Amino acid sequence: MGNILNQIGIENYIFLSVVLFCIGIFGVLYRRNAIIVFMSIEIMLNAVNLLFVAFSTYHQDAQGQVFVFFSMAVAAAEVAVGLAILVSIFRNLGSISIDSLKNLKG
Amino acid sequence: MDTNLALILVLTPLLGFLVNVFFGKSLGKTVSGAIGTIAVAISFVVSLLLFNQITSTGKGIQVTLFDWIQISNLKINLGFLLDQLSVLWLLFVTGIGSLIHLYSISYMHDDENMHKFFAYLNLFIFFMITLVIGSNLLVLFIGWEGVGLCSYLLIGFWHKNQNYNDAAKKAFIMNRIGDLGLLIGMFIIGSMFSTLDYATLQTAVAGASDLNSPLLSLAALCLFIGACGKSAQIPLYTWLPDAMAGPTPVSALIHAATMVTAGIFMVTRLNFVFDAAHDVQNVIAIIGGITSLVAATIGLVQTDIKKVLAYSTVSQLGLMFLALGFGAYEVAVFHVITHAFFKACLFLGSGSVIHGLHGEQDMRKMGGLRKAMPITFWTMLISSLAISGVPFFSGFFSKDEILMTAFHHNISLYVVGSIASIMTAFYMFRLMFLTFFKEFRGTEEQKHHLHESGSLITIPLIILAILATFGGLISLPGNSWLNEYLAPLFSKAAGEEHHLGTTEYTLMGVAVLGGILGILIAYIKYFKQDNVPESDENITGLSKVLYNKYYVDEAYDAVFVQPINSLSKFFRDYIETGLSALVFGLGKVTNEIAFQGKKLQSGSIGLYLFVFVLGMCAIISYIFLAQ
Amino acid sequence: MIHIPDFAHATTVQVIFCFLAFITVITAFLTIFSRNPIHSAIYLVICFFSIAGHYLLLNSQFLAVVHIIVYSGAIMILFLFTIMLMNLNEQREVHRPRITRLGAIVSFCLIVIVLITIFINSKPIVGGYDSTGEDFQSIQVLGKILLNEYMVPFEFASILLLVAMIGTVLLSKKEKLNNK
Amino acid sequence: MNVSTILIILLIGAFATYFSGDKLSSKVALLFSLAALGCSILLLNNYNAGENISLITSWINQPKISFALNADGLAMAMVLLTAALTPIIIFSSFGNEYKNAKAFYGLILFMAFAMTGTFLASDGLLYYIFWELALVPIYFIALIWGNGDAEERRKAVVKFFIYTLAGSLFMLTAFIYLSQKANGSFLIEDLYKLNLSACEQFWIFLAFFLAYAIKIPLIPFHTWQANVYQKAPTVGTMLLSGIMLKMGLYSVIRWQLPLAPIAAKEYMYVFIALGIAGVIYGSIVALRQNDLKKLLAYSSLAHVGLIAAGSYTLTLDGLRGAVLQMIAHGFVVVGLFFAAEVIFRRFETREIAEMGGIRTQSPKFTSMFLILVLASVALPSTFNFVGEFTVLYSLSQINIWFAVLGGTTIILGAYYMLRMFQHVMLGETNSKTFADVSLNEGISFAVIIAVLLFFGFYPKPITDLITPSLETILQVINKN
């Protein structure tokens, strides 16, 4: 079989991940629920991962995929820690709305 | 040998000063006075030796001690030049100085700081000698400022009185204005001729191609400003009358006989420069004439005995500058010498009167002192006759020569000078009549204590009176020893000899008549009609203007002193605070930015994210779109 | 230039791509817009599945499998657990003020425009998509690379995961420790 | 033996003083400062004998900084000034009690160390380090042992610190730029050799100017001066006005002019005018000051203005006069501030209005003070006259009006100094008792006065010492 990108084109993957990424950003900005914000971040991460894989195929090189592995590991760790933090915030404040997190005020 | 003599000449007064400063108090009054007097007397003796040497050889002595200041195109030595002019000056400075020291032993005997007085007097003599014998302008400048300093110290000798201190300060600052002129003059001369040494300067000026250049004129003008300050000429004369705050011997020595003639000395010394700048000579003559007239008019109505003498001094100095302006240097020098004699005598006489009256200086409270103080009276009378130009006294010859020179050059200045002379005769005899004739107008207690002063006071008076009488002999018209003596100094033949023709005799007659007229008016007004000047409040009209010295002091105060003071206040209160606020403002702005920046950290995560995204957009577009 | 799929003569692969892309974008949007966090989580799972589909399409099977295990499996379960633990529902979230929403929309549009402009302006890709035929993404190859070239980062990743695990336990247990 | 000896003595002295305890510290400090003076005289002797007393060793490799101390005549003169003034300053403080004296005297010696280093350093960065190092001790001296309200003092001192520091940063920038041009070398010889364009020189000149104008200070950068002088303890004021100001002036001659000669020539008139404006402005502001130390501060502003104007003339006379005047002013200003301190010890005030009538009670002090006042107004036969005359002469060679305007210092200086003298010393006897000077105080005054009078009549030794190095600097300036 030939290269799959001959039929789809790398541009389309780029567009797809851009859109996905922007949706993630939009979610981060739009929602105040910390969990949803977290989900948006995951979407953004996945958009990047997708691009990595697409280019990995494009270059016929495994390194992009290896990177995605690490990125997944980091994402997993991040989600675990992040959610733990959210839980303890929820315990303390009774809310996970990011508007209530004003302790960073200078 | 010459070096040693010169050093003895200079250093003896300095030694006297040092001894009196460090040990004066423990030595006792008489001893410290004696030390002071002897120190000056030694200088006088040395001066006589030098004079002897100069007259026999006819050549000046140049002594170089060591390099002083190095400037690229100038090398200034600390050196002395002893020639005809400086030795002549030395003679009367140390001579009169010795007499006045002698006089002061008695006069200042009641003062607790007498040793200091003698220390200052000796210091003055030291600086005056330095001024006179310096071999270049900068050494002259040491003496020039040094005598100013001594004048400051001595005017403010009674330092508890702030008015006296004000007068002292005023004298110093006025002198410094002149000194700036002198300095600038020196700078110009230095850059033009690359020397400040008199001898080299003379050859350089003589060899200069473009005489009468504006730069040289400017230099001469600046030097003349210096002379104005020191010799109390318009516009810098106002310090001299105020300087009468000092003890009377000081007025006699510094403010009549010696220091104030330094300006004339300097101009005479640099005669070759002034000869090359005719415009400036005219300025000098005009200023001299005006000063003599203005000062004489003020002198007409003064009631303080020393103030009268002070204005008389200013007026006489004006006459000397009149002569200088016409290039008749030897005539001016002649008048300096005779004036030193009779004015010193007058001041010392007035000092004797004041001493006798325990500090009273107002002539309205004197009178009838003739009987109580005969020696003082006769010596002062002789000096008054001399200053008024009565024939065969010294002042007659010198003043007559000045007027004659003026007549030959400029009639209007001659008229001005003559009027000033008539006025001089008038106010001097006004002084005599008010002080010595009629009845005593002071308190009973003063009358009771009236007595002639001691011999230490009267001996100098007598000597000076004799000199005032016969001093004119050194330069008789037509047969002048002085002119011949000074001839080597001047480029042109020493003074165009006055052919004693009809004109000259007429002029002499006119001068004599004028003098006698002045005396007569004074006689009628103050002896016959028995007038006594009115008390201060009752003075009106023109006399009020004159009595208040044309309000010149007030004008200076309003035009110079007050603006500078308000400027200073303005600078201090507004500019300084403004600049300070500007600097602090920089700090405040930083602070404010930080404070506002702190507010940006609201803690709102939404806002942070929003800004983060915007920033990311900006960065990405910069990286990818800017190219 | 943008490669516009010709739908009339679309190949199977193209059709699958379009379909997957459509699902991905739609579910992503739904994740963000649904009020109920649980719905969001469900949509996200679908989104992740579609991304795994993309991976498969790109012939990286192993990655697709790992993706499903990690994301759809582990992470999403974590999310759901958390949501349920907190007992969140749609009423709890108050809507943001209008200005914030406007700002979000503006910045969204902005970044979309910026990124798209960049890609339009960037140089077109030169050359075709040649395939060397060499195997580069099979499990074998990846395993070799991971354990040879990327040995150290790989071990670090494991440490990271360990640390994250410990941290998570500590964070969620902290309250109890304080209470004791 | 080379010049580093004196630095070592001062540095060891600073630590020895600190560890000798509060009671002994003043004496130890005096001892070490005298040792430094002796050492500097010895060095001068060696220098005059033609011995090479400079030192260059590499210090830091990346960036390339050498520990280079260059002692030419000019630097030696300034080192001597520092070494001579430090013992006088320390000795003058013997009448005061300071808490934590060991730190106080240690800091004085440390400051002397840093300032000596500044004068000697011939590597740009080393020079900069010493330059900033000198700022630290004076900051603490003024802050901890100063007088007046603590809050105001802190404000004034911090302003001074930040202000001068900010100025020097520009200098550092200039140095870094220069060293880039000179292949990473900071050595002054290499920097002298650079051929910079007029534009580059302009910016470098400006950067240096900011640093020096604040330090010297020239108007309008002088606002820190009066307040700090007033608030600092008198010892600190003496260090500042006597030596530290000279650092700025010295650096103008050593660094600023030779490194940017084209710019210096181009903008000569501007900077001379600025200096002269400082003369007039300082004099006028000094007229109406009520605080004795502030008045002296403004008089100092006027004098350094004249010195700066002399330096910017770029003539041998101007530079020479400036250096002479620097030394003379160093001595006289220390003497004057000491006089203010002597009065303060007795009257506990610095307000001129509360003084007066001292002369009747203490003739000796009056005489000494008067001599210092007269020296400050440059009476001929004092050292100050030699300097002032030379500077004014050089100004007159540039333009006669500069000399006239600069010469107003002769009149205005006399005005404010004599006015001050009149109100402080003369008048009715003061109701408060004023003991005449003690032996210690008398010695300090006598030394200063002796120096001023001796060099007033015989400045040749100093002139001969500084002239060759000034000529070298002028050659660098005029190389194009």
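We just call them A, B, C and D in the order they show up, numbering each chain from 1.
As a working rule, a contact is a pair of C-beta atoms (placed from the backbone, for glycine too) under 8 Å apart; a residue touches a chain by one contact, two chains touch by 3 or more.
Please read these numbers as outputs of a predicted model, since none were measured by experiment.
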| item | value |
| --- | --- |
| Greatest separation from chain D - chain, by CA centre | C |
| Chain at the geometric heart of the assembly (C-alpha centres) | D |
| Intercentroid distance (Cα basis), chain C paired with chain A, Å | 5 |
| Rounded Å distance between chain A and chain D, as computed from the means of their C-alpha atoms | 65 |
| Where chain B and chain C are represented by their mean Cα positions, the distance between them in whole Å | 102 |
| Intercentroid distance (Cα basis), chain D paired with chain C, Å | 70 |
| Of all residues in chain C, the ones touching two or more other chains | 96, 100, 103-104, 107, 111, 115 |
| Multi-partner residues of chain B (at least 2 other chains) | 606, 610, 613 |
| Sites on chain A at which at least two other chains make contact | 25, 29, 32 |
| Touching pairs - complete list by chain label | A-B, A-C, B-C, B-D |
| Of all residues in chain C, those that touch chain B in their complex | 96, 100, 103-104, 107, 110-111, 114-115, 117-118, 121-122 |
| Touching residues (chain side chain A, partner chain C) in the complex | 1-16, 18-27, 29-33, 35-36, 38-40, 42-43, 46, 49-50, 53-54, 56-58, 60-63, 65-66, 68-70, 72-81, 83-88, 90-91, 95-97 |
| Parts of chain B lying in touch with chain A, wherever the complex brings them together | 598-606, 609-610, 613 |
| In the complex with chain D, residue positions of chain B that touch it | 21, 66-72, 74, 78, 116, 138, 141-142, 144-146, 149, 152, 156, 159-160, 162, 165-166, 169, 172-173, 176-177, 179-180, 183-184, 187-188, 190-191, 218, 564-565, 567-569, 571-572, 575-576, 579-580, 582-584, 587 |
| Complex contact set, residues of chain A against chain B | 25, 28-29, 32, 98-99, 101-106 |
